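Two complexes are shown next, each including chain A; its partner changes from chain B in the first to chain C in the second.
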Partner chain A sequence: MSARGAIQREGIPFVFGILCLLAVITVIEMLIRWGMINPFIVPKPTDIVMSFERIILEENILPRFMMTFGEALMASLMLSVVGISLGVLLHRNTTVRLATQNWVAAIASAPLVLMYPLFLVIFGRSAWTIIMIAFVSALPPVILKTLEGLAGTRAVLINVGRSFKLTPSQLYWKILFPAALPNIFVGVRLGMIFALINIVGVEFLINFGGLGQLVNELAERYDLPGTYAAICFVILVSVVFFIGTERIERWLRPGT
Partner chain B sequence: MPAVDPILVVENIVKRFETQDGVLVAVDDVSFNVMPGEFLSVIGPSGCGKSTLFNVMGGLLGGYEGRISVGGETVRGPHASIGMIFQEESTFPWRTVIDNVAFPLEIAGMAKVERTEKARHFIDLVGLNGFERRYPSELSGGMRQRVSMARTLASEPKILLMDEPFAALDEQTRLLLGDKVLQIQQDLKQTTLLITHNLTEAVQLSDRILVMTYRPGKTKRIVEIALPRPRNSEIVSSDDFGRYVAQIWSDLREEASKGLKDDEARRVRSGGAGAS
Partner chain C sequence: MAQTGHLTQSPPRAAAPWVTPVTRLRIIILLTVLIAWEAVAASGILLRDVVPSTLTIGRSLMEVLFRPDLKVSLAGAAFSMPAFYWHLYVTILEVAIALLIGGTSGLAVGLALGANPFLAKAFERYLYYLGPTPKIVFFPVMIMWFGVGPESKIAMGTVSAFFPVVLSAAAGMRQIEGVLIRVGRSFRLNTWQMVTKIYLPAMREPIVNGIRLGMGVAMIGTLLAETKLSNKGVGFMIIDAYNTFDMPRMYAVLLMLFVIAIGANSLVGRASRR
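Up next, the complex of A and B:
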């Protein structure tokens, strides 16, 4: 619990991670400089870093970042609310579960993004098309992981609750739900990854705002350092989400 | 002798399970009484139906014949007068020690300040003061089992029902926790029913011991343990203690070896099926 312990637990791995990343980047830089990797396929990391200034100043990166971030946030919120609720529903109702579980798993592997024309017809060429495609494609992992977490609650914990005469709703809120939280968060994180991939992909496809469109434009201009720099911002979105969910998880379920 | 009514009456309990190889009689016509303040142990070999009996008494398992009553009232489903401590680790990993112990009080709707204070008292009782803010993942197995014990005691049950609470612990910890249980039982005059397969533990703690047979689980014998009270773990070195252990062991040996033969037979059968 001491500050020193916290530094050892979190600080050292963090620094180690950064050093590894820097090492890999340095190696790539060297390989490109020595001509072992073609610089027209992979630009030099130093060039990518240099191009940050340009894409920030000239390409409106901040509003684009906020747009993609906002879409991802909206999709994730919908994902959490609807996905977890559906998971709970499937857990409570055995018939529904047996009838639909395999279908949900099957949808997880369907390339729903290819149905984007349909979404365009329904939602128009707007952020909602993007959000809805991301939301629908990312739903299965959230549902399935919620279900798995609830069903995997150790029987003895439920028995403890029953022996203390908990009502069914207390049993859910005080025992099943907290016990399932780690699994639920795995589902939400997986779902967010699915969602972000779809968001960037559809921005790219329908040429509508955000970072996906920028990546597309820069690639078409053959501005490779700029393209990679824009991709770094996509990664930044996912990093922000990961840190965010981790914070929320630790707050909701301490002790692990 | 004053006429005191038993606090817990177990009458002719029969519990059967439908299994793939037909009907299995897990508990067969078990009856006994427990007096207020008494410490009764139920001992029997592994698989003789002890946990089944425990779950029936705690109201977690239905579909049995016979009757359980607490203070004259027939038990149907979990009963507020019965507090259960389970065989497996059962603390809530997402709650601190104090929040684990305060759990039944929170469910009962007690105010935060009040329940924290009360939980502290029970944490003291099991000797975990100083660990209130820790999470179960930061505690040893023995400490976690004490948290479960404090949590159940905090609900102030009339009858404490324990299913091999120390089974997963080493012998020294078991003896020391036994002392703790003895002390708590003497302080609170807590009626306690302990399910165990450990002979020393049973003789160390009990006023009476019910020996169960192996499959079907019937009552083989009830033995009075006339060792002086207050007791502690030092009693294990006395001659009387040794005599009781020897006497119960001769009863138990027969049953345990039946269980062992049964296991071997099953292994041979399944091994034979696998080879052909």
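Up next, the complex of A and C:
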């Protein structure tokens, strides 16, 4: 009974959503075939599906994916080390926190990715430009969430630590850091998502690197089915990345 | 015995120091950054002119803001104005239209998803997963659909703004207290009245937050599209300064852009807290 109820509650809407998506794709295919949508603007969905094999085999999608992945990994590593360290520093020193917290929040709302021409001049047209712009743009959420996590540690936990006469260093590693870890991961996850968005974006804009460059190259060649297929691939990668980090976050925060 | 009619004078409060430690630290940080910047500019560690002195950037900022380098003809009268304001006007207009279209459609879809659990279960996952994808990769498609003019930039901004607004609106709708909805129904409000009298006032905060996020990403989407392919807008100004290696001008425009973006974000944030 309950299994049937769950299927009715979750399964039917899920299938309905898939069917609607397929229906929309079919209608677009029909409209293009009937000449109601210009095929030189919107390629047939079947052509897009067919071009997947071509872009995987001929456009070296795996090395490109690995390049984007490597850039994202490097930026995430830098983000985690620098962002968490700065968050801890702000938490430990109240004066520094009061002096800079609003600045960090303000920087978080600035469109830092627009600084990519500046990074191009400093680092050249290289992977480091992409990594650095991703790092700088995604740093504020990591700092702010680390600070929020550490500041939100329950007082009773800190008091327990003090009653055991833990040293400040022990208090940090045994109480504060583990208690703040779920929040810190939320910040790191946000930072990683921002980093991936900026990496693919800057790759597209400067025509260098992995998946972003692939979209740009195919668009410049006016390979419409290939462009759409590459965009679908970018969406697929970011969805997988998003779901993966979401699963880790749920594992760290079982209550959410 | 109780003492009455006897005023005790409290000791005078110590006057707060004119410069608090926080202000002092802020001044020290700013001075350190300025001195470090000047040292790098003077040393030539980086390529010449990549890091110009703050004085040069300041001069360029004054030129960007006050030098009338664009001839404009309006209602038969010709006059000159700084080109920055015209480019800024173009970008603000593009972002405003994008936010209007993306925000309105996001709100409508969000309300529908929030009100109908079946629709939410069927479609919300797609929006949730598409939200964090890099929207700039859709730009070639937007150019095909809407051309190389401002329309494709507006479309980029619209796509960017849609997702935060729709997800915030759907989540906000589900957080409305059931009693408010029952009160509306007991007064036999029609759908439009329910939306305007119950739903929207009750979910003001999530909507404003969604619009705030949407404004930020719409601005980024529009500006990035302008840097890729445009001949007007602040994004074009930045990439034009880069292409002509006019670094002080690029810094000046970036500085103004950050000030405007932070100010706009702060204004919307204050509106949401009221």
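Keep this in mind: the second predicted complex is superposed on the first by the 174 of 256 C-alpha atoms of A that agree within 3 Å, B and C clash if a C-alpha of one lies under 4 Å from a C-alpha of the other, contacts with A are read in each partner's own complex, and residues count from 1 in each chain.
Criterion: a contact is a pair of C-beta atoms (placed from the backbone, for glycine too) under 8 Å apart; a residue touches a chain by one contact, two chains touch by 3 or more.
Worth saying up front: this structure is predicted, and the values here are computed from it rather than measured.
In the superposition on chain A, contact of A:L196 is made with chain C only, not with chain B. Contacts of A:S169 after superposition: neither chain B nor chain C is touched. Once the two complexes are laid over each other on the shared chain, residue contacts for A:T227 go to chain C alone; chain B is not touched. In the superposed model, more residues of chain A are touched by C than by the other of chain B and chain C.
Using the contact criterion defined above for the overlaid structures, shared-chain residue A:N159 touches chain B, although it does not reach chain C.
In the superposed model, A:F14 lies in contact with chain C only, and not with chain B.
Touching chain A in their complex are the following residues of chain B: 55, 58-60, 78, 80, 82-84, 86-90, 92-96, 103-104, 107, 135-137, 155.
Interface residues of chain A, counted against chain C in their complex, comprise 9-10, 12-14, 16-17, 20-21, 41-42, 95-96, 98-100, 106, 109-111, 113-118, 120-122, 193, 196-198, 200-201, 204-205, 212, 215-216, 219, 224, 227-228, 230-231, 234-235, 238-239, 242-243. Of all residues in chain C, those touching chain A in their complex are 21-23, 25-26, 29, 46-47, 50, 118-123, 125-126, 129-130, 132-134, 136-141, 143-145, 216, 219-220, 223-224, 227-228, 235, 238-239, 241-242, 245, 247, 250-251, 254, 257-258, 261-262, 265-266. The part of chain A that touches chain B in the complex is made up of residues 154, 156-157, 159-160, 162-166, 170, 174-175, 178-179, 181, 253-256.
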